[in-house]
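Have a look at the structure that comes next, please.
Note that the chains are named A, B, C and D in the order they appear, and that numbering of residues resets to 1 at the start of each chain.
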Amino acid sequence: MSVQATRPILEIDCLSVRYGSVPAVRELSLTVAAGEVVAIVGPNGAGKTTVLSAVMRMVAWSAGDVRLDGESLRKRSSDEVARRGIALVPEGRQIFADLTVHENLRLGMVARRSRTGAAEALDAVFEQFPIVKTFLDRPAGLLSGGQQQQLAIARAIVAEPDVLLLDEPSLGLAPTVIDTVFAALAAIRESGRTIVLVEQRAQRAIAFADRTYVLADGVVRDRLVAADATDAERLRAAYFGADTRAVAGAGTPTGGTPKVGTPADDPVRR
Amino acid sequence: MKYVQYLIDAIALGSLYALVALGIGLVFGVMRIVNLAHGELLMAGGYTLYETNGWPAVLRVLTALAVVIAVALLMERLALRPLRRASPTTTLVMTFAVSFLLRSIAQKRWSAQGKTMNLFTDLNQAFTIGELRIKYLTIAAVVVGGVLLGAVTLFLDRTDLGLQMRATASDERIAQALGVRANHVVVGAFVIAGVLATAALVLFAPQRPVVTPDFGLQIAILALVGVVVGGMDKPSSATLGGFFIGFANSMLFSLLPKGQRVFLDSALYGLVIVVLLVRPSGLFQRETVTSRL
Amino acid sequence: MSAPETTALVGRRPARLVLGRHLVPLAGPVALTIVVGVASSAFSDSVQLQLHTALVTTAMVVGLSVFSGNSGIVSFGHVSFVGVGAFAAGIMSMPAQQKATVFPELFGFIRDNDLGNVASLALGALVGGIFALVVGTALVRLSGLGAGIATFAVLGITRNVLRNWSGVGPGAKAIPSIPQTTGLTQATVALLVCIGVAYAYQASRWGRRLRASREDPAAARGSGIGVYKERLIAFALSGAVAGFAGAVYVHLLGSVSVDQVYLELTFLTLAMLVVGGIDSLWGAVVGGLFVSLLNSLLFEGEKGLSVVGIDVTLPASSSNIAIAVVMMIVILVRPRGITGGRELRLRALRRPRRAEG
Amino acid sequence: MRRRALVRLIAAVGVVALFAAACGDDDDDATGGEADTSATSATTAASGATDTSATAAASTDPIVIGAAIDLTGNMAPFDGPALAAAQITVDTVNAAGGVLGRQLELRFVDTALDPAETKAAALDLIQGGADVLLTTCDVDFATPAIQEGISAGLLTIAPCIGTDQMGPSRFGEPGRLAFSIGNLAQDEGAVLAEYAIAQGHSSAIVVPDNLLVYFQNVCQAFTARFEELGGEVIAEEGFASFDGSVNNLATAVSQAGEADVIALCTFPPDISIAVGGIRDAGIDTPIFSPWSGDGNFWIPEGLSDFTFSTYASVFGDDPSAEMNGLIAAMEDAGSAPATGGFVTGAAAIEAIVAAIEAAGSTDGAALAAEFESFSGLPTISGNISFSPELHTVFGREYRMMTFQDGVATFGELLAATSPAVIS
């Protein structure tokens, strides 16, 4: 899984986003190669979700650019981004609770670029997430959290996107369910799709991803590869450095020496 | 027997308001916009009927439909689309400004003096069953109202655009992130609202043959009250709310003692307040759902 | 203000703090009010009247903003408080002797008494406030559009009762012969009073709590703020301000009829608030004056045409169309209102001046 | 940030511009007004130089009749035609040499029925030198203007107000200066009742619209006179325009029992719903309506047995040639009347002229005294009378019109024996 060898499919270039006068993402740059899995980890409020929302054009940029396959998304609205091949599995699932499972999947297909193959895509999804097929005509709001997460992923991949953005897919799920979700993600990765995964459960994400960006205060604090998942010290440094900074409210982070306390439990799992 | 006649009168009026309410409710459901200018769609259609006096009736109705849809789309494109992200209050005031503009234009063009529409006046004929008198118009209103409500429901349930409308109504941001084109959905909603407004107009016209600049305003305001009372979130509850307000208006008039009829508005609005206090999210709404506005 | 002066002002931090916190947000509305008031005396009687009407209408908008601006709930029924204030003041200051012939069916204590100017203004405020308190007790539980429609229903009932219950209201008649005491001084002072009350409330603990509850109702409740109570206080206060404005209004026109304080005024005041910026007092004042002055200006333009020639066929009544268009453009360009819903701040005050100089 | 400042600047400039524009406008008004008067007096002086001395400028200035009326709102359909007829009459008077050697000048300001604008319009006209003030045809809408007129000491005339409220009964002592050329509701209700009795009707259902005092009074007067003459009112079915209650009127009327005649006191647009509803309910009883039911623009197709009283027939068959001439003149001026009410505008000018000639001045009190003494003053609208108590016309001959199969025809001229007394 050589990063340099493949072409970049998604490029985030000096992107800044602010909510009112509060900066959420500051001059962030990162590149994702086709077929790659990139994770973005970081503490609460680091700007992870904002990055994904910005790529989807769901929040306005204050500066910078995002390119998909070399083409700028600056002038695109979020539905156009979706129809150009980026799909989002939003934080908290955000499935349409009043609509049936099947209707949710139909909405997922709105962004499909090819007119053919819809049935096959649906079958593939059923195969991967049997639970979705079982409850096809049930209102999605009646599914359990894990089932809803599977539906949300299924809804995203029926569009057969080039890039799949996942926002905290493990949030609020039981460990066994998380295993299911990651197994599904592994299958998706096998199918050659590019994945950008935002996770607060850093260890698992880092291990899963080809490369990981650690985000804090809206800037990239560190870059890691899968092997670093076991390097607890480095993780802690990245996390706690950001945390102390956030608490102290200091200026732009320059990657100074992190204050490492003696955490009661694994900081990464929290 | 007397009361059955009251009931028939009330159903007749309720059905008319239901159609107006469905149009208002649909636009609200999809766009979260309280469209105070919905009544001016009826007005625009009314003046079209006046201007086309003498043409074949079907042609007149189709012309009115075209004009109403055109006005609805212009309204959306020029005044509301740029405010897609604005607060509900801002869009509400914008629709009021649109309503005011259209009424002012009508006043300048046709003056405040009413103009007769002369459409389907035969529908005012009634047949009797025993002592009961039923207008063909009542039958038409109930049938057309029912058919259109059914058609809209089917449209929302079965078609892709309908599904996208429901998704947009439920969460616009997520729907768009899935690739739903907001403009398609909104244009669709306004076209349907135009169709519903025209249908309502055609049914109001035989009974209220004189169109004035204020023609639609009074109707729309009462229908809007009905929509809120019924529950705004679903087209079905909005429609029932519209029916309720028309029905209650008619029924209260009949039931009030003669000398007290002038207090009809008080009785009606008093009822509205009671309903809102008892069921804040709507009379025909499941209690768990709360208005997002 | 010259540049050195501004710098000096900014240089003194404590002074700037005080100014920034209270004087500056107040200075804008107050100055604007006084400018309009004083400027009015330079014009003809009818233009003066229109400027005074602008001031009084703005007072109504300020009344509306006390509730809607702080709670975030749009009230469609505030004109009912303007109305009861107007009618209380109007009917109680119409000469008793004349009342007996024009409105013989009024209750005796209304028919046979009349009040002086100040007393009738106070009565307007009192009646508006009490009515709002009573209505609010039931209605401020509601929020969102339901609350708006419920207040609108109150307006419908108020109008209906005043129109048809000859014991308390004028019926279909306009109340005539109300002393026309509202001139330059009273209109200006009345608006200043309303601004003062609204600002004092906004800056008070109650006002801040209500604003907090608007931003985040759950958090506010968590920190012990009773949303119901806070809303009720604001509702009653804004009813009193609206009633007061209504009282000033009848003394401006010298007459009032029921339909004068109904739909049109409701939408007009609401539009003024939104055009100015719903979230701030500054917005209420700017919006009220902007729309009123625009209205007068366009109307005067129409008149200008008709005074010169006497041609009956002269196309009139285009000013309404123009007003609607301008209002729409303002909303499109500034969806959050001309002021953006912010209070006037010193920084903001400085910048345009420098740009001008 | 910069953008916000820019917008503020624009807003600030806008406000200033508003003031500036208002200033400019006022300047225009002032100078324009002066220039206007001086120009007018100059031309008057020039033209009058042949028969009068140039020094008598004051007495050769035109007599200004100011009209604060609605040309935009809901009263425009009544006010507009009355103003147009007034203008034609003013032209006629001027062509015949004017009044007391002075020309008449009619100025108007549109009030759009807004109360503040109504008062402003009156102030404008008064400040501009109006000698007589005309107002909107509804006393309640007109009140802000009437009060300015009478407190400035001007004779204040509403062409077509139909209640007894235009005068001292509403405005106290200053109200002595206020008159209406419209028909008194008590008189009109009486004539309708007398006509009904004359046609052999002996039972009636009365349907007053609660919206306006005029409607209430006409129906009360009908009831009073009908009962005086031995008729029986079997039911009263009130409703109110615009509150939707008209939708249920037909059922209410049909359940009230059978009567010979229905007296319906309301106006468009709700009158068309009321009449249409009653006919569609299979009730063919003759319907009687006052002037507010005049006009063919609201008539349901093929309407029959609908009778109304009015000032003039606009259906081409008025008995008076003079009237038909005026209607033709209005059509030529591009303002064909839709109801007979327009003629009150012409009659108002005639009455003002008569009063000025009799009083020899334009002083309001003197003119009002002349008005109060008018007894059977002939005008194009018929003979008009006032009294110190009644400042609205009574005793005038009405055109009794009837619709059959959608066509209105003139029936007869009829005056009430006396106004009915209503409580």
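A few points about this structure:
The rule is short, and it goes like this: a residue touches a chain if its C-beta (ideal position, glycine included) is under 8 Å from a C-beta of that chain, and two chains touch if they have at least 3 such contacts.
Everything numeric in this text was worked out from a predicted model, so none of it was measured.
Under the contact definition, chain A and chain B share no contacting chain. Shared contact partners of chain C and chain D are B.
Each chain's centre was taken as the mean of its CA atoms, and the one lying most distant from chain C is A.
When C-beta pairs in contact are tallied for every pair of chains, the largest tally goes to C-D. Chain B and chain C have Cα centroids lying 31 Å from one another.
Rounded to whole angstrom, the centroid-to-centroid distance between chain B and chain D, based on C-alpha atoms, equals 36 Å.
Here the spacing of chain A and chain D, counted between their Cα centres, is 74 Å. Mean C-alpha positions place chain A and chain C at a centre distance of 50 Å. Residues of chain B in contact with at least two other chains: 107-108, 262, 264-265.
For chain A, no residue reaches two or more other chains under the stated contact definition.
Among all residues of chain C, those that touch two or more other chains are 160, 164, 317, 320.
By the definition given earlier, chain contacts exist for A-B, B-C, B-D, C-D. In the complex of the two chains, the chain B residues touching chain D come out as 2, 5-6, 9, 12-13, 107-108, 111-116, 118, 121, 124-126, 128, 133, 135, 207-212, 215, 218, 222, 249-250, 253-254, 258-259, 261-262, 264-265.
Chain A makes touch with chain B in their complex at residues 56, 58, 77-79, 81-83, 87-88, 90, 94, 96-99, 103, 106-108, 110-111, 155, 159. Residues of chain D touching chain B in their complex: 72-77, 80, 210, 236-240, 242-245, 247-248, 251-252, 254-255, 268-269, 272-273, 276-277, 280-282, 295, 297-301, 338. Residues 34, 79, 82-83, 85-90, 92-94, 96-98, 100-101, 104-105, 107-108, 221, 224-225, 228-229, 232, 262-266, 268-270, 272-273, 276-277, 280-281, 291-293 of chain B touch chain C in their complex.
Within the complex formed with chain B, the residues of chain C that make contact are 74, 138-139, 141-142, 144-146, 148-150, 152-154, 156-157, 159-161, 163-164, 263, 267, 270-271, 274-275, 278, 315, 317-318, 320-321, 323-325, 327-328, 331-332, 335-336.
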